[in-house]
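Some notes on the structure that comes next.
Labels A, B, C, D, E and F are assigned to the chains in the order they are written; within every chain, residues are numbered from 1.
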Amino acid sequence: MKSVLAYGDSLTWGYDPVALGRHAHEDRWTSVLQKALGHGVRVIAEGLNGRTTAYDDHLADAERNGVKLLPSVLESHKPLDLVIVMLGTNDMKRGVAGTAIAAVKGMERLVKLIRLHDWGFDFEAPEILVVSPPPICATANAPFAAMFKGAIEESAMLASLYRDMADDLGCGFFDAGSAAKTTPLDGIHLDAENTRAVGRAIEPVVRMMLGL
Amino acid sequence: MKSVLAYGDSLTWGYDPVALGRHAHEDRWTSVLQKALGHGVRVIAEGLNGRTTAYDDHLADAERNGVKLLPSVLESHKPLDLVIVMLGTNDMKRGVAGTAIAAVKGMERLVKLIRLHDWGFDFEAPEILVVSPPPICATANAPFAAMFKGAIEESAMLASLYRDMADDLGCGFFDAGSAAKTTPLDGIHLDAENTRAVGRAIEPVVRMMLGL
Amino acid sequence: MKSVLAYGDSLTWGYDPVALGRHAHEDRWTSVLQKALGHGVRVIAEGLNGRTTAYDDHLADAERNGVKLLPSVLESHKPLDLVIVMLGTNDMKRGVAGTAIAAVKGMERLVKLIRLHDWGFDFEAPEILVVSPPPICATANAPFAAMFKGAIEESAMLASLYRDMADDLGCGFFDAGSAAKTTPLDGIHLDAENTRAVGRAIEPVVRMMLGL
Amino acid sequence: MKSVLAYGDSLTWGYDPVALGRHAHEDRWTSVLQKALGHGVRVIAEGLNGRTTAYDDHLADAERNGVKLLPSVLESHKPLDLVIVMLGTNDMKRGVAGTAIAAVKGMERLVKLIRLHDWGFDFEAPEILVVSPPPICATANAPFAAMFKGAIEESAMLASLYRDMADDLGCGFFDAGSAAKTTPLDGIHLDAENTRAVGRAIEPVVRMMLGL
Amino acid sequence: MKSVLAYGDSLTWGYDPVALGRHAHEDRWTSVLQKALGHGVRVIAEGLNGRTTAYDDHLADAERNGVKLLPSVLESHKPLDLVIVMLGTNDMKRGVAGTAIAAVKGMERLVKLIRLHDWGFDFEAPEILVVSPPPICATANAPFAAMFKGAIEESAMLASLYRDMADDLGCGFFDAGSAAKTTPLDGIHLDAENTRAVGRAIEPVVRMMLGL
Amino acid sequence: MKSVLAYGDSLTWGYDPVALGRHAHEDRWTSVLQKALGHGVRVIAEGLNGRTTAYDDHLADAERNGVKLLPSVLESHKPLDLVIVMLGTNDMKRGVAGTAIAAVKGMERLVKLIRLHDWGFDFEAPEILVVSPPPICATANAPFAAMFKGAIEESAMLASLYRDMADDLGCGFFDAGSAAKTTPLDGIHLDAENTRAVGRAIEPVVRMMLGL
């Protein structure tokens, strides 16, 4: 039995930009991936709305800084064979960090946290798959447009920057933008079809990294 | 589809006091409960070694204070129909809080955090099932005996105190000590048979609370 | 007897931009309001220089993040009939958050904190009056101009954004810019006459919300 | 006009152990003191249920550590002529600190925080009056008896220890136990008559320290 | 025997932009200063890569906020005759604070922390020497250029702003840019020759402040 | 050139229980060790009054939790060949943790923090030498006796527990109680002769660990 942790934000939680709720369980990319991989692999979904890589955000009734939360999530689900980290969109909010380079730096810190975690019990550190979220698109939604002002240009650079960083650090890389598009309803989220598409497209990468 | 969150410590993570690792997935009480409830219910296991109800513990490579961690766990898995909280053993460590009354006070705070959480999206607050962990027993394991000095007497009072508190606050209550015994190997953990037993015994309580 | 809490920043504390000290007690808008409302209402002033809605600022010998401080202030003065929140100016400092939308998001979080506070004792949650501070104006004061670079444009949008947010969340709203003007001495503070004017102008709104 | 800050816990907030709510405004010791001192002095009451001198307590929906909260309270009400600190009862809870010496050490830290605060504006540091709360008495109230186990003996030493410490640090001292008795209903709180008595008895000490 | 604390960032730690490691001990400016001052003075080097004046940065495996770290550094090395603070470069990173004025405000806070520290033992507060780091220069290094976008202009103003602030607060001032130039290899660091030059040039200022 | 970090508390800072100040530089055990080792080794002293292994203590004008401070100290002085950790006395204060086992658990956490630190730059993790402080002795000093009530018995067990733990974790071990005795003036500190004795006695252990 292999264990895969998906550590993400609202794109992993399954925020539904159409119905303004949560996507049905079977539509979330983590569920599609679980189904595709079958019984030999367990996919553990940890998606938190608003999660950043490494930046504080006190606007919610929960900690949102990915660096502060990651160790307890790793502890709760260890031992792990693979950790998929799909984060970065919320870093590009104005007032959080606002840039793609900030997301890259935060992702690097998360990679190091996983590798240097005190796993205990002779558990080995898992492989890491860095995933760039689909690029932010233009939206007529005023609050989202204001929060993500300037982020369209930044997010267009993210996949390339993540790929280089993943190569440097010896991580896997997947560009979710190659499989899915964000909705113009708010500029950042995925409708049901697009979140399913991420699950389908990421499957072969996960299989390869797990040696399946 | 109903969603049940199990928020616990090493007894929920599945610490194996015999092999000094993690119980097989099918042996953990949350897996036994999932299997018994079938496809109409999803049981989400969040067990963290060393988790307390409301007390700091800086001895691990992770936050362990249950009050500080709960909001992000609720956010990650909402909407929820039921939250099962089985905590208190680690509160009774010397240097953490050391008493049963401290665990009761911490559990009350967790109940209030769940009820007053900013659920958003018109999600309703879930029902809450308070579970007292099986009483601590004597052990010849010197480090555990030292850490839990005085805790045997304290933990003997815990079920009764939790039951009264759960009644006062309108929560469900289950005494895991009615179904399982801790191992004398370390005085606090459950062997595979006893962790499975918790899953079997808690099932009817969960069914009733979910209206199944 | 009704209780009203005024939760604010230097505009509520009574920073005097002329004498560089604190306005006389009778000149602060909270005192003017207290006098106007008379003995049946108690106005509790909690103004903290530099307070933000939800953003960290480690430049002072005190916590300044309004989200982190609000719960203990509510606890100290409960039960309350009305909370007046006049914040946002400091959010628009460069290096804090720098935008009006950040202030709106922070104010939303404060509103939720009040509504979801664990009031205890059968105390009910108070009504909430959101107040937009008077718009920032141009100043020849170099340090203030540097700190608030770009904030004049942002603050010009604040009243409108707060009004919409208050309507959405069912809060009262008052635009302090309708009654008072900031001084060009530093661009953000109120002289004695203008702080008194806020107290006079807000009185009828407070009376209406208190049902007086 | 002189300003006096009363920094305390539930004894200052006015917890009513008979009606299980808050004492009427006119019954709280801070109100009695205000009335006795008249218009030339402003008494600012900052009482927070559960406040400790210097110890964390995560059991409430608010920060309770007096050291962490004091700077923002000083900032909110400066300039001040006198700070009255009546704390220590909650320090003696099991699981918080549990001893009188802990309260003394915490009180010393609060005194230093006041003296070394960055007052700004040429404001001078205020005088400090250390007040020992009335000694804890025996109670048949089981939860309170459990929480404060061992505290009766500790609290009996508190006045003497505070007096010595206040002398060493050049602070004023008042023993509230000389004027009031805690109720056997819970062992720690004051009924209306006893809280009024604190206000009457402390008046001459305050007058002397203010030079009135 | 006089004691001098050098509180700084990578420029004080001795980051070597050529070899991508740490400068040899004898090349660091603090060592050059120590040698020049001789046996009557002890120079204590506390340089931390990435240290800011007063801003959080969660990208490293260490706290980096200078305000949060300073008190324990002062405690560890007290009594002190002089504290040299050379910080500000990291404040000007995008996503940290991004401006020279932010560095000035942070430096002011550090100065106040030193003056208001609880020194104890009748130790006196030390003199303070504010040092502006050499201005940031253009670089072809893409990650550094991205992180410090806009910072060249900001850093050009820093020396003048620090000088005025130091004068206002009664601190000494030294412009390290008068003695050393940052390398175009990354735009912010000093090669061996330039870090040695800082030590030589600061010596007379330190001698004067120590009365030697 | 080898680098050795001494991470400790008041015994390393050099608290003088006779003169109530700091021991002369040449009397501190770290200085004696430096002199004995000569120019090929640099001994970096980081002693902080009141430092614990892993427990919060908000009674001072500085963070005192060794776990929270260690990463920035490691970063400031890396690369390192050896870290000497002499802590534990303050853990045994009542209200901090109060037991020897707590100090052992805290020391284990510190060892893991050193080994799993993100050293960067291809720097290797240093060797670790665990040092048990000399046992606490009886004192007529009332405040110290009250603070350390029960600690004499606990501290008598510490050397043996540390030795076992150091063996298990592959660290070096030195019992400072084999070379020095605490003074009855306060029960915990070392006079000048005894602090020098620690330096002389630890030298051969350090030489062996450094391969000198």
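As a working rule, a residue touches a chain if its C-beta (ideal position, glycine included) is under 8 Å from a C-beta of that chain, and two chains touch if they have at least 3 such contacts.
Every value quoted in this text rests on a predicted model; they were computed, and no experiment measured them.
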Subunit B and subunit D share contacts with C, F
Under the touch definition above, the chains in contact with both subunit C and subunit D are B, E
Could you check if the interface between copies subunit E and subunit F is built from the same residues on both sides, meaning over half shared, or from different ones? same
Note: of the two pairs B-C and D-F, more contacts are counted for D-F
Among D-F, C-D or D-E, where does the B-D interface recur, judging by over half of the contact pairs matching in residue number? D-F
Taking each chain's centre as the mean of its CA atoms, which one is most distant from subunit C? F
Could you please state the distance in Å, as a whole number, between where the Cα atoms of subunit A are centred and where those of subunit C are centred? 37
Between subunit B and subunit E, what's the gap in Å when you average each chain's C-alpha atoms? 49
Where subunit A and subunit F are represented by their mean Cα positions, the distance between them in whole Å: 42
Where subunit A touches two or more other chains, by residue: 56, 60-61, 68, 112, 116-118
So, with touch as defined above, which chain pairs make the list? A-B, A-C, A-E, A-F, B-C, B-D, B-F, C-D, C-E, D-E, D-F, E-F
Using the touch definition from the top, list the residues of subunit A that touch subunit B in their complex. 1, 13, 20-22, 25, 42, 46-49, 60-64, 68-69, 71-72, 74-76, 78-79, 117-118, 121-122
Subunit C residues touching subunit A - in the complex, by the definition given at the top: 54-56, 65, 67-68, 97-99, 101-102, 105-106, 108-109, 112, 116
Interfacial residue positions of subunit C with respect to subunit E in the complex: 56, 58-61, 94-95, 143, 146-147
Within their complex, state which residues of subunit E touch subunit D. 112, 116-118
